[in-house]
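Naming follows writing order (A, B and C), and every chain is counted from residue 1.
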Amino acid sequence: MTTLLHKTLSFANNRAVRWLALLVLATALLVAPFTVYPLFLMNVFCFVLFASALNLVLGYAGLLSLGHAAFFGGAAYVTAHTAKAWDWPFEIAVLAGMCFAAILGLFMGLIGIKRYGIYFAMITLALAQMIYFLAVQMPFTNGEDGIQAIPRGTLLGLIDLSDIRAMYFVVLGFVILGMLLIWRCIHSPFGHILAAIRENEPRAVSLGLDVARYKLIAFVLSATLSGLAGSLKVLSFQLAALNNVSWHLSGEVVLMTLIGGLGTFVGPIIGSTFVVALEHFLATSGLPVSLVIGIIFMACVMLFRRGVWGETKARIAAMIEKPDSDRH
Amino acid sequence: MTDLRLDVEDLHSWYGESHILHGASFHVNRGEVVTLLGRNGAGKTTMMRALMGVVRQRKGKIILDGNDLLSTPPHRVAKLGLGYVPEERGIFSSLNVAENLVLPPVVKPGGMSISDIYKLFPNLKGRDGTIGTRLSGGEQQMLAIARILRTGADFILLDEPTEGLAPVIVDDIAHALKTLKSMGLTIILVEQNTRFATGCADRHYVMEQGRIVDEFSNDMLDADMSKIDAYLGV
Amino acid sequence: MPELFGVPVVVLLGQIMLGLINGSFYAVLSLGLAIIFGMLNVINFAHGALYMMGAFITWILLSTVGINYWAALIVAPLVVGLFGVVVERLALRHLYKVDHLYSLLFTFGLALALEGLFRYIYGSAGKPYPVPEQLTGVFKLGFMILPIYRAWVIIAALLVCLLVWLVIEKTRLGAWLRAATENPSLVTAFGINVPLMVTLTYGFCVGLAGFAGVLAAPIYQVSPGMGSSLIIVVFAVVVIGGLGSVGGSILTGLSLGVIEGLTKTFYPSASTIVIFVVMAIVLIIRPAGLFGREA
């Protein structure tokens, strides 16, 4: 039994098999928009990136942020406004959103990073609520109505993005770039330092690491990528609304990461896909979304804190009786 | 005739993964003062915590006056008359001296009155409003003992009462301990200070690596002193 | 009409009064949060939802069975408190051993679920609740007109805060609570049933939130979202004051309510964010909060 498992696993670890899996995935992503509703998939991609960006701070640096909607929604508003009112081209509008998220992330990080655990969570939540109230009040956001009919523009002046399939591939491309950046980041010395800080902060301090600085860098990076996700989503749906900055969204993205598995690369991908699909289903079912999400949240915390992917990996590790050293 | 109060047999105990007590057995008779001697890490403090139920991972047998302590919920142990004076003294920084003194509920009739306590420990008198942890180490130790005497507990677990105290204060504590013994209280004393221990106790147990490895009567002690010193590595 | 800084005194006093009312709610809720945090090491995100539940129970009691405000003032906190006892026993208790973040996330999920549940059953719209007839009318104070109900809310909230503070600081029960916050296993060894005390503390503090909800029902509209918007402000209050001190959280709550009221007078559009701005400034100047002990 064990040897069979070993064989299966070494098969799964085989380079060729990995490339094959990637090839299958790539084909699926290429064919998907012609079979599935593309806007749904784009929504999934944006949340995959958003949850993975949050995971960078929550899973890898051990910082619980309950304010990530501020980056996502804030960038969404900035992109929406610059694209619609100022006619900024696609790339520049997205960049503007990311810059806004980065600056906001720097500001929040500088204020909150010195406080630990739950305090950090409360601070990010409160500061994000400030952004929410600003979004309610500032004239350019149109309050409850939001910014509607946002033009997608063209990519580099070449590709017309009003075509939904063109937009699909652009979103896919940007999300893949973002995910590659996260992958690079967690497998770099920087990622290992973050993990060391999360495991044992006092030891990291005693090793002479400037812990606050590493956390801040991770936080700003996470904010920027969350902003990218928000900008892409707002241009996909051509609508910027208050729900993108509300605390519910900050909670949902934490749930996505938790359900999939904190501190794993694959976890947030599974988690966000699941939650987006669930919400898509609930929206038409008449069942109350936040009730169901809340119950799943509680169940997740009580029953499987390691998440789907974390649990799977732990089971496999236990079965082959070897400590699980590899985190992705 | 001996009147058995506490009987510990083959007691094992764990902190999470680490196995601390490895089958310790000993007993204490009514009105006796018994010491647990041993080097650091021998398991003396864990033994006290296991008796009180502060450490929950236990296996074996602990019988106090016919009650099975392993199946007694931790908040009921005190009601059987066990009074605990922990190693770190356990004086509360958010409580003043008076509040610290009356914190443990009375468990049996016959506890000392506040005025008797002040007679035994005059240093505590007039300090009611002081924050508990602002007292000197010796005074904190006295307070930790005093608050247990008030409850009527008749079986006291004293964990290293003289640790880090000046010799004058150690004498005060020794005097107090003799008073308690003369009142008929049963006491287990964990000590590193052999001179203090031999001055107060009836019998001595030596602990090593989570087991009771030897026992001496205080009367025969002069002959065995070199043996004890060897155990303690003095 | 007399003016102060270009604002009629009547308006100014009226806003300060409104600020004091908000501040009373901040005080009652942050007081409960601080005690719960001390005993359970849990940040109770559901505190706002339970406040909302208290208000809803009040409204339901009147609109379905005709039970009046005064009875609700007793019944609603009891129901909310019992609900809290069940939550602590079934769930929170099992999370004390793991990272505190999980209990925060659990109560976050609970808040989402409660809000979703009430929204599902009763809809998002606010429900008006009448001021009890004994408390209708106004005090004419000459310099301002004070609705009797508002005066009652402030007095009731302050009395409750004072009472809780007295119990904690001056009684034997309070000494047990403080001691158990510091060293629960030693307090257990002294013969006190600490787990039971923890359960009751949670139930009581959550009941306080329910009580605040009853007080709020005739002032604000009873709606599913009333708790979450409040709790986030209360979190900011708690961050400003620090969770270490019961008296501190009462004081911070009241004063931030007044600051909010004053902002409403002088610069209305900033009134929703002023507390968050104060929080940011406090964190920059004094990272541990005003009365803070770092957790």
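Heads up, the rule we're going with is that contacts are C-beta pairs under 8 Å (C-beta built on N, C-alpha and C of every residue); 3 or more make two chains touch, one makes a residue touch a chain.
The UniProt protein names, listed by chain, are A = Amino acid/amide ABC transporter membrane protein 2, HAAT family; B = Amino acid/amide ABC transporter ATP-binding protein 2, HAAT family; C = Amino acid/amide ABC transporter membrane protein 1, HAAT family.
As the structure is a computational prediction, the values presented were derived from the model and not from experiment.
At the centre of the protein atoms shown, by the Cα-centroid criterion, sits C.
Each chain gets a centre from the mean of its Cα atoms; the one farthest from the centre of subunit B is A.
Inter-chain centre distance (subunit B to subunit C, centres taken as mean C-alpha positions): 44 Å. Centres computed as Cα averages put subunit A at a distance of 56 Å from subunit B. Centre-to-centre separation between subunit A and subunit C, using Cα means, comes to 33 Å.
Contact with two or more other chains is made by no residue of subunit A. By the touch criterion given at the top, residues 172, 175-176, 178-179, 181-183, 185-194 of subunit C touch subunit B in their complex. Of all residues in subunit A, those touching subunit C in their complex are 64, 66, 111-112, 114-119, 121-123, 125-127, 129-130, 133-134, 136-137, 247-248, 251, 254-255, 258, 288-298, 300-302, 305. Of all residues in subunit B, only 52-54, 73-79, 84, 86, 90, 92-95, 99, 102-105, 107, 151 touch subunit C in the complex they form. Against subunit A, in their complex, subunit C makes its touches with residues 43, 91, 94-95, 98-106, 108-117, 119-120, 228, 232-233, 235-236, 238-239, 269, 272-273, 275-277, 279-280, 283-284, 287, 294-295.
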